[in-house]
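The following pair of complexes shares a single chain, subunit A, combined with subunit B in the former and subunit C in the latter.
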Partner chain A sequence: MRGDSASMKVLRPATADEAVRMYARAPKALPVAGGTDVMVLWNAGLLNGRVVLDLWGVEEWRKIRVRKDGILIGALATHARLREHPAIREKFPLLSEACATVGAEQIQNRGTIGGNVANASPAGDTFPALAVYEAVVHVASAKGRRTLPLSQVFAGVKKTALAPGELIEAIFLPMLPRRPDRRVFRKVGQRAAQTISKTVGAAVLFLNKDGTVEELRVAFGSVAPTVRRLRAAEDALKGRLLTAASAEEACGLIERDISPIDDMRSTREYRLRVTRNILRAFLWS
Partner chain B sequence: MIKLKVNGRTRTFKGAPFTRLIDVLREELGLTGTKEGCGEGECGACTVLVDGAAVCSCLIPVCQADGASVETVESLGTPEKLGALQEGFLKEGGAQCGICTPGMLMSATGWLRRGGGADAASLRCAIAGNLCRCTGYQHIIDSVVSSVKGRKRARR
Partner chain C sequence: MTPAVGTNVLRKEGPEKLTGRALYIDDHKLPGCLFGATLRTTIPYGRLKRLVFDPAFPWKECVVVTAKDIPGKNEVALIEHDQPILVDEIVRHPMEPIALVAHKSRARAYEALKHIQAEYEPLDPVLTMEDSLAVKQAIFPPSNVFKDILIQKGDLESGFTQAEVVVEGEYRVPWQEQAYIENNGMAAWVDKDGTIVVLGSMQCPYYVHKSLAYAFGKPAEKVRVIQATTGGGFGGKEDYPSILAAHAALLAIKAKKPVKIIYDRPEDMAATTKRHPAWIKHRTGVTRHGKLVVQDVEVVMDGGAYMTLSPVVLSRGAIHAAGPYECPNVRIRARAVATNTPPNGAFRGFGAPQTLYAAELHMAKIAHTLGVDPLTLRRINVLKLGSSTATSQVLRESVGAEDVLERCVVKSGYVKRRIECAQHNRDPKSPAWKGVGLSLIYHGSGFTGAGEVMLASQAGVALDKDGRIRVLAASTEIGQGTITMFAQIAADALGLPVGWVDVETPDTSKVPNSGPTVASRTCMIVGELVRRACLDLKNDLATVVKGGVPRSEKELRRAASAVCGKAPSKEYIASYEKPREIVWDDKAYRGDAYGAFGYAAIVVEVEVDKATYEIKVDKVTSVFEIGKAVHPLLAEGQIIGGLAQGLGYSLMEDPVYRNGVMVNAQLTNYILPTSLDTPPMDIEILEKPYSHGPFGAKGLGELPMDVPGPAVAAAVFHATGRWIPELPILPEKILKAFSHDQAKG
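Up next, the complex of A and B:
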């Protein structure tokens, strides 16, 4: 069975207000942003007969606003724009780097940050960067607006904590206190492009003047049902010098926070080992 | 009613708004240069430019292209007068079975339009979303490089 366009009813809001009002009236509607997740399912005939809430025309959700306290990224900002946006490249380079690895050019030109988050795949490539930057998700419904820390948005594999009628309107990245001393983004998949991550990680490191760790923030995706900060490793290194031994100790703690599985793309053992290798190389090389 | 500019001509579409762009192009407008390989965004055979950006026409409901400008492989040249990129593919053997070729041509067009050049590493990245089961890619890279060089020579 293929997608049957005649079976679909399409709602086409032009403003955010219209979008949340239409969604309130049709709570079973399926939001579509860039469609790079939705259309794959639709083409396979899995979404026939649905009402679709086409968000693509909501111009105000395309905006990227650079403020003193952070950058507010409209939910409809595409990976291609985030990959190239000068202020994001400067202040939040891990996000630009991550967006540049989502699918390939065609997917980056359509896929949105809001769609990536709402889809809540364990392998969403922007999530480690968003977790490290402690992103705040702005949500809107006909009843009003609220914000959630990224860590509270994901409820499980492909599940979010959005209530019925809620849409993601923006993602806020608070400015870091200063430029990190080190950062890394690594995605490991079957090939360099158009690939689903076996493991994907992002980290920033702030060092004290004496070389001890002031703060480490590190997050990995594809190694648990949702993106995870490696809190045990982060805490273990606080205030300590980075040495071969302390880095190894941190690498030994990753299973406190992640629990990779065997699946068609990789094995638990491979994912653990590569995740450890990425962390070790970042901390001590 | 949905209005598109396709290869410079204004077209209207009165069918179901969730019809895929590729189906409107091929079946309503008879522009069969655009191919469907996978229907999943993986292969890039269906690549067209929408407002100048390379996208998979199999992943776009036509209502999302309302008011947009769409360019397909048919815009690049005619059998009598091929475009520079097409000449490059002919000269360097960039096409074998040809199924991937329209998509390759459109990805390369999008890349060159964005100011991309002929450096092979970034070209490989620009066409990473296009699969080819025949050429092994090197001839495709050579084709684009050759057309860029040809164009520079023509300008001199």
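Up next, the complex of A and C:
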């Protein structure tokens, strides 16, 4: 334990306005939501001397609002709440399933969706679901508010495209046109809990009446610097019947969108093969 | 009096631990205590040129110690004296201590380390066993071999002539981290009379005592070592606490204040000992029907940069390398070699899990080659009463190998489940392959060969004037139940209630040297000494109590006063006596390696996902023969914990080393099994009493660590048809085995 709390300064806003104003005045502060990623750095002493912006007290960012056009999830909604929330379970089940695999219960009780996105880990377990649901991220700063699609939020490994002073306040999931004909969420890690994904994927499939593919949306994490939609595979199947051959063809295109690496947790070969196997099993089994 | 042995009495220290009153080393408040931190090397091999202290840093706030401050010899006294307490010139691994800093603030102590620059002249390191054997660089001259063991039985050449089928195999096992809950930590201070006192987390107080007396040039009575409540050890607190204690004491002497050093998890994982990686080759000759004719085994273990306990780990590994089978012709050659990595050390099983993994998986391979069931092969060759082991030890009593095997097979439904899984695997629609694996192991209790004679352990019991009975032993409670078990043994030997017996804190000023808390020896060896000492006390009590045995605590107090006379207490100490029939020839490595062996069998059921190659253990059935379960619930706890640790070793624990240092030295990326990864376990204990163990007891602690690995590998083979000869059995390796086949075919 090398964290030295005495050397750190903690700012504790109670409202969204206060949060963005404090952040504007202390742009080098580290925003903290649930703190589950931050605690690892704190423990290693890497945050000694830093200013921390503790967002936990901003109640208005905790709300989950179910609207006609979609669900607006406050950035501070925890994984545990998203896992249990009836409307999310019904309309966006891939997100509930993903939240149930984040860390373990303790992490889910504390970790938040906004914190997860802001941390921008290549292995963020909620990201494939958010990508498939085409989430829109709402950000706020002292200068005002804006929205940007999830795909534009991630700039690289642990990097976001948020401007200085910007905080994530909510994530909006637009309603799907109808219930997908098929869906899948799959996380592959080294153990049953408290594990960082080797590959993690989510997909929905809409079929036309004649059985051809109306729309396929599929995204994977841990196989590129940021979460990726497998656009080449999605496009290749549009309007076609799912057969062993067409599924195999789509599986052959995944490297157009992902570029897994060898690291401490797994190998490029494994990530590629398993990602392909999961996609194949989803499309054709 | 109802006997306590064999019943589940309450754990002695349970209430203290449950209520948070138990004090671990970091909980002890010592007045004026400073916090110590350690500067470590960053290169695997080279010369330390100098240390540069940042002139801008306020050094007068700190106490700094380097090798120059060591009053005695800059050597850690263990088997060999090759390891320095602090590096003075040659750097031999990347986590060696160079300098120590103490400050009243923990954060400032760590901060100070950043203001010391070590300048090196690097040399080419030796980082693998292969490079070490090839003497790419003589880091332990002349050959880099710490220890070379040769076990021979019968005649190898004639064995291979007789053999009808010869099966070869090569196996590898990695490091493993003990991952005790409490990291290493130690406090030290100097008493008014000049006695150096250390208090901390440890397994072996007298090892620490010996090395401190040596390093500080002090007579034995001027060094006092006290064990604090310890949060687990698994071997990881066997030798390293000697270094840590010396560090804390060096700082305390210079600071003239108590100093505490508590490692955090990354430092503890990267700097302290691991299980020895090993590389094992088997060449085995059998008859067509599966009778073992000849076993030729080669073992190489990576000892790391200093000898530490490697010769002893190697010895146990070598002795167990042929498995629990009888074979007339055996050769086992084992070597421990030096590399520029932190020294590897003791870890539950102590060399045996490595060699038994190879031996047992090789049995599965032989069975497959011959086309017989692995169970049949084991039935043909299993050790029985009167069998002779690889070291030509004739098993005279308490041989439970067949019993555990047969009971485990029945209990698990092994035969039926094998058939069912094979049928399941014919269905191409199923998302997973299923498999069943079996293994059988033995594990010697106590120190090897003449080890117990050399230890010459002493333990005993004291009766205080006020009627308090205290068991006296340096054997430590590290979560495994030592003190509860001692109290049970003492109570039954005395014929008194278990609640009347206390166990003294392991403190070298209060207890005799009962040897280290290792090697599944505490119950069998030290427990027997306690029992014998209690018989002497019982005789004394009989002379002063009507009816021989006190019936109330009041009667005990009266008797104590009579026994003690004017003294505050009377001590009864028993010393180890070698059973006459145990004969060991250390030169030839032949004879009775252990007084007795414990036995275990396991059946593991796994499924392997066809899309992800993830392995899930569905069920474990395991049967143990341990002579006598002194405390059945604690014994079961040891078994469940050990099996879980063994499953971690088999399936996920994978230390990654780069340039000689562990780079995943955190619990976030060194993957241990969680409770969700731990399968249902069906466990049974069998008892075939051993005549020299207390109430028949033999060792238990290490058996469960030995047994899961080879059964998991055999089950994966049964499921997938792929051999994974290298632990851990990761999904990546199974995928590779499949890709390899595709590439070939």
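Note that the second predicted complex is superposed on the first by the 284 of 285 C-alpha atoms of A that agree within 3 Å, B and C clash if a C-alpha of one lies under 4 Å from a C-alpha of the other, contacts with A are read in each partner's own complex, and residues count from 1 in each chain.
To be clear about the criterion, a residue touches a chain if its C-beta (ideal position, glycine included) is under 8 Å from a C-beta of that chain, and two chains touch if they have at least 3 such contacts.
In this text, all values refer to a predicted model and were calculated from it rather than measured experimentally.
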Next on the checklist: Taking the superposition on A as described, I'd like to know which of subunit B and subunit C A:103 touches: first, second, both or neither.
Outcome noted: first
Checklist entry - Can A:39 be said to touch subunit B (first), subunit C (second), both, or neither? => result first
Checklist entry - Of the partners subunit B and subunit C, which touch A:269 in the superposed model: first, second, both, neither? => result second
Checklist entry - Between subunit B (first) and subunit C (second), which does A:188 come into contact with in this model arrangement: first, second, both, or neither? => result second
Checklist entry - Looking at the overlay, does A:277 come into contact with subunit B only (first), subunit C only (second), both, or neither? => result second
Checklist entry - Is A:8 in contact with subunit B, with subunit C, with both, or with neither (first, second, both, neither)? => result first
Checklist entry - Touch check for A:56: first (subunit B), second (subunit C), both, or neither? => result first
Next on the checklist: Looking at A:80 after the superposition, I want to know if it touches subunit B, subunit C, both of them or none. Which is it: first, second, both, neither?
Outcome noted: first
Next on the checklist: Contacts for A:212 in the overlay, against subunit B (first) and subunit C (second): which applies, first, second, both or neither?
Outcome noted: neither
Checklist entry - In the superposed view, which residues of subunit A touch subunit B and also subunit C? => result 2, 6, 40, 43-44, 104, 192-194
Item to check | Touch list for subunit A against partner subunit B, complex | outcome: 2-3, 5-6, 8, 10, 12, 32, 35-36, 39-40, 42-44, 52, 54, 56-57, 80, 103-107, 109-110, 192-194
Checklist outcome for this item: Contacts from subunit B onto subunit A in the complex sit at residues 15-20, 23, 39-42, 44, 47, 50, 53-56, 58-61, 63-64, 66, 107, 110-111, 125-130
Checklist outcome for this item: Per the touch rule, the subunit A residues reaching subunit C in their complex are 1-2, 4, 6-7, 40, 43-45, 48, 104, 186, 188, 190-196, 264-267, 269-270, 273-274, 277-278, 280-281
Next on the checklist: For a test of understanding, state which residues of subunit C touch subunit A in their complex under the given definition.
Outcome noted: 105-107, 110-111, 264, 266, 431, 610-614, 652, 656, 663-664, 668-669, 671-674, 676-677, 730-732, 735-736, 739
